[in-house]
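What follows is a set of structures to go through.
The following pair of complexes shares a single chain, chain A, combined with chain B in the former and chain C in the latter.
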Partner chain A sequence: MKNRTLIKDIIIRLLGFVLAMFVLSVVVFYFARLAPGDPLQSFYGDATESMTSAELHAARVRLGLDAPIYIQYIKWFGNALGGDFGLSLKYKMPAMKVVSPLIGNTLILGSTAYVLVFALATGLAIACAANEDSLFDRAVCKIGTAAYYIPAFWLGVVLVLIFSINLKVLPSSGAYDIGKSGDVLNRIRHMILPLIVMILSHLWYYAYMIRNKLLDEIRKDYVLLAKSKGLNKREIIFHHCLRNVAPTIISIMAISIPHVLSGTYIAESVFNYPGLGSLSVESAKYHDYNLLMILVLITGFLVIFSSIIAKTINEIIDPRMKDSEVSAWQR
Partner chain B sequence: MENILEIKNLSLSFYTPSGEIEALRNINLQLGKGEILGIVGESGCGKTVLSKTVLRLLPKNAKIKNGEILLNGKDIVPYSESKMRGLRGSVMSMVFQDPMTTLNPTIPIGKQITESILKHSNIKYNEAKKQAIEMLDMVGIDSPEKRFAMQPHFFSGGMRQRCVLAIALASKPEILFADEPTTALDVTVQAKILDILLKIRDETRISIVFITHDFGVVARIADRIAVMYAGKIVEVGKTEEIFYDPRHPYTWGLLSSLPYFAKKGEPLKCIPGMPPVMMNLPKGDVFATRNKYALDIDYEKEPPIFDITDTHKAATWLLDKRAPKIKPPKFFGGECHE
Partner chain C sequence: MAEINSFKLVGTEYKTYVPCVKKIPFCKKLKGKPIISAIILAVIIFGCVFAEKVGNHNPTEFYLQNLNTAPNSEFYFGTDSLGRDIFSMIWYGGRVSIAIGLMSMVIISVIGITYGCISGVSGEKVDAIMMRTAEIGNSIPSILLVILIMSVMGEENIFKISFVIGISGWFALARIVRSEVRQIRNSDYVLSAKTMGVGFFSIMIFHLIPNFVSSIMFVIVSSISSSIAMESTLSFLGLGLPVDVISWGSMLSLANKALLLNTWWVIIIPGLFLMVTLNCITNIGSFFRKETNRKHSNL
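Let's look at the complex of A and B:
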């Protein structure tokens, strides 16, 4: 009985996922083409100025840009199902080939930031909650809120000024120095400034959320019983409260994936870090439709898929949810 | 009898943004070894605060203004938090009012018991587990081995309260504060828990402070009774003394509101008015406005504690030599003619 509902749930979610991806592709396809500007410009560069209108028209036909948008979409859709996402107008090679080497860059930066943000947020939340209303807690709350409101690009510029231009200790852009793509240390050095920006702009938002959840938990009655057993603060927080807020932290983590991903994109464009984010900005700027589409689909996939995973994890983790389901069926 | 706990002139206030709440006012109380002391009073009179004060489980805005808490003759008021932690569980423990919320919902019952045992002794986990299962058995949970690994939401309210009791008793404390352990339970379960407490007291000579607002319950279990009103002990005595010879008008009121004494067809009696909010208390006896026997002096001066016998004391001006003689309502051996 229970297994069948689980499978049904998964099927429904997958269908929803496919539908969402489809709607996303239609919307982006349509709106990208409504934006002012000429994609031929990206393809031929300045050469467009010396081309006749007949030549321009012929070029448009060759690139399939003359048909009505829905025809273009149907064609694109058919090709995409076969794994062909078309040519990048700017790079003049298959869009897939442009994107694939950068996926790794973004995933490394994004997931490092993600792990660091949540490790630090949880640690900070515990330190604050354990010393609620102490000088430490109040100071961290104030500083954290202030840090959260610093704009990421401004912070990026300041960091570059200090560490790259004045102190000359860290690179200001890129993912690695030329010829050193396999050098782990070199890659790490390039990630430090983007990571600082991402951590500062996300940390407190989540630390504060977790701190408050933890405090709600600490105020519950069972903590009094734990205390009356003679347990100390550390034992109460780690053995009792943290365990009970863990599902909440995990669901916050799952829900936050799009937020952290968008932070990654911003950091990439601030630091010219070659990744999906900086490429997305570029592809939109250059009307590189096919490239934009694949980037949007990858991003959409990450966001929608992560939220589905989040939901599923949540249900598995919270035993109360599961048990209420079981007993409801057994009755 | 040797006193294991002695509270002397204890006053405690909560300092809130809207003012000082005088939750405990000049409490004097003794608890003998192996004794069950009942504390009775209306909701909000400070029963829970009193026991939490002894265990020091109150929030930071609660301050002891005055007084001593002597545990085995030693004053624990100046003790540091870590020293208090050493006493909690091992010397004193507490059963809380609401069994539905006092257990951690995600941790199996057994682990919540062994945690307490392991905290206070150096035994191995397997030994602690054995003891925990014995505890569960002692508080009347059947097939304790099976239940050991279950989480609280598989248990009914009565079973949860038994589990809380098992946790509180697991590390073999000398004093147990039982804060309305049966109020949330139905009458048969209530009777069983009382029997368990009596059995445990007889077997282990543990001292119990049993808090309730129900005189019927306290009559069954307590050796002595303290009646509390608005943060003060207004009458204290042996159970027989309180039931057969109550002297404080508040005790009279509580006794006459027992359904047991109600006449058929008449509404249940109750004490008129409401217990006061313990902020900006009026001068004189706080109970005066609800007391139909109040004298003029009750509005002027707080009554001292008068000794009636060695064991029986009450704080009411009616016991002063100069006070008019009032025939108290009779509760036993006759009709309640109030």
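Let's look at the complex of A and C:
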């Protein structure tokens, strides 16, 4: 019986997921077509100025830009189901082909940063909560809040200035040196600076949330019992408190996905790391809407899908979570 | 209380008796308040307001003999790759950045509070739909949302950019307002106002908002700093203000060029101003945050 409700939940979630993707695609499609910036301009470049109006019209018909928006959408949707997302107007290649080699890059960067942020945040939170109100805790709190408000892109530029230009120890841009795409060490060297930026700009936000949660936890009665049983601090925190806080940490992790993902956007653009983020910024600059569409859809897919997974995992771990609303929103 | 008072003997001079109130010294009143942040922020805002007096050069003029000069006695903070004086640009740019922060804050709070109040007082179903919508909006990466709207808006100016930051940043505030409103919507004063036939917006302004304003103060104040940061990020990415509209963000959009020339002052100085301002605003904001009194630790 219990299993059936779980499966039913998952099916309902998947339906909601499909619906959300559909709504997202409609909204973005309308948005993109209503935009100023002429798509023809980005397709033909300066050649549009020398074209006659008849030629322009023919080009519009050829690219399917003359039909009403909803017909364009239906056509686009039909093609998209077959994996054809239209031409990238800037690269003059199928948008899917432009994007697909970059998904991996972003996923590697994003997931490494994600794991590191939460591992470090939990560690830092435990260290702070165990030594509450000590000099260490207060210093970390002050420094952390200050560091959280350093603009991420500026931090990136400063790191490049220090480590790439003046010390010349780390590369400043790209995901790998030319011709070394298979070299793991080379890739890691290119990832260090973007990772530092992403970790520093997200770490404290989550560490502080987890710290506060732990501080509430160590005030509960079972901690007193464990203490009177003779357990030491470490055992209490790791064996009792941390287990009780784990569902909260997981739900914070689920909510944080869009936040971390927007971090990759900035880090990628600063370091010219070929990925979804730097490509979206570029396609927004050049009004390349077919490309922007697919990028938004992929991002939406990642965000919605991972939050569904996190929610499901959460309910399996802790059935109490199902009814109560996640209370990790307080900033 | 009343019993204790009733046993108190009141002298004949009770009419002229003035209870002596202990004067709290001025420095003690300031304790626990973010004085340093307030002073630094006041200095920066003062400099921005009186930018004409503070700056010693014309911020829009190109000093072509002095491209990329390091800080010296004439150009206090040096010049950038276009030959503009950074010291003057800082103060003029601060005006634009702070103005964008304030305007976005107003837009965020108007939309967020109204939306949250409507959602809070309406029935279960409407509330659920409104909150799901806000949740979806919150789950889209904010930078992607802003990029998307920016790319649609066409030519950028200060008002457009604050509008875009405003309409993509109110989701979190709406959620907090809604949960606050749900706690107070059944109280007697709201009921009595309703029975007297007071309209929704009057109830919102005179009854609801004064009761939850203290708990959203922190979010509102820190939305100023997050908007300033967002503007500078957008300008840096080349999606915000153009280089000729001076703001702290558009000054930093020259950072990539400065990296090639290794002129640190173009990057570090506007960034430091930005960072200090953001931190001061946040410090002042967190003063408004309700301090929760924790009981003694069991550990």
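We adopt the following convention: the second predicted complex is superposed on the first by the 318 of 331 C-alpha atoms of A that agree within 3 Å, B and C clash if a C-alpha of one lies under 4 Å from a C-alpha of the other, contacts with A are read in each partner's own complex, and residues count from 1 in each chain.
We take it that contacts are C-beta pairs under 8 Å (C-beta built on N, C-alpha and C of every residue); 3 or more make two chains touch, one makes a residue touch a chain.
Model, not experiment: these values are computed from the prediction.
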Overlay on chain A: chain C relative to chain B, clash or fit: fit
Which partner chains sit in contact with A:Y265 here, chain B, chain C, both or neither? Use first/second/both/neither. second
After superposing on the shared chain, does chain C or chain B touch more chain A residues? C
Contacts for A:G83 in the overlay, against chain B (first) and chain C (second): which applies, first, second, both or neither? neither
Would you check which partner chain A:P68 touches, where first means chain B only, second means chain C only, and both and neither mean what they say? neither
Between chain B and chain C, whom does A:N232 touch in the aligned arrangement: first, second, both, or neither? first
What angle, rounded to a multiple of 10°, is defined by the Cα centres of chain B, chain A and chain C, with the middle one as vertex? 70
Classify the contacts of A:P151 with the two partner chains as first (chain B alone), second (chain C alone), both, or neither. second
Overlay on shared chain A, then closest C-alpha pair between chain B and chain C (Å): 5
If I apply the document's touch criterion, which positions on chain A are contacted by chain B in one structure and by chain C in the other? 220-221, 224, 227
Write out the stretch or stretches of chain A touching chain C in their complex. 20, 28, 31-32, 34-37, 130, 132, 145-146, 149-154, 157-158, 160-161, 165-166, 172, 215, 218-221, 223-224, 227, 233, 236-237, 255, 258-259, 261-262, 265-266, 269, 280-281, 284-285, 287, 292, 296, 299-300, 303-304, 307, 329-331
For the chain B and chain A complex, residues of the former touching the latter: 55, 57, 60, 82, 85-90, 93-94, 96, 98, 101-107, 115-116, 119-120, 151, 153, 164, 167-168, 171
Quick one: in the complex, what on chain A touches chain B? 133, 220-222, 224-232, 235, 239-240, 243-244, 319-320, 323
Give the list of chain C residues in touch with chain A in this complex. 136, 138-144, 147-154, 172, 175-176, 218-219, 222, 225, 229, 232-233, 236-239, 252, 255-256, 259, 262, 264, 267-268, 271, 274-275, 278-279, 282, 286, 294-299
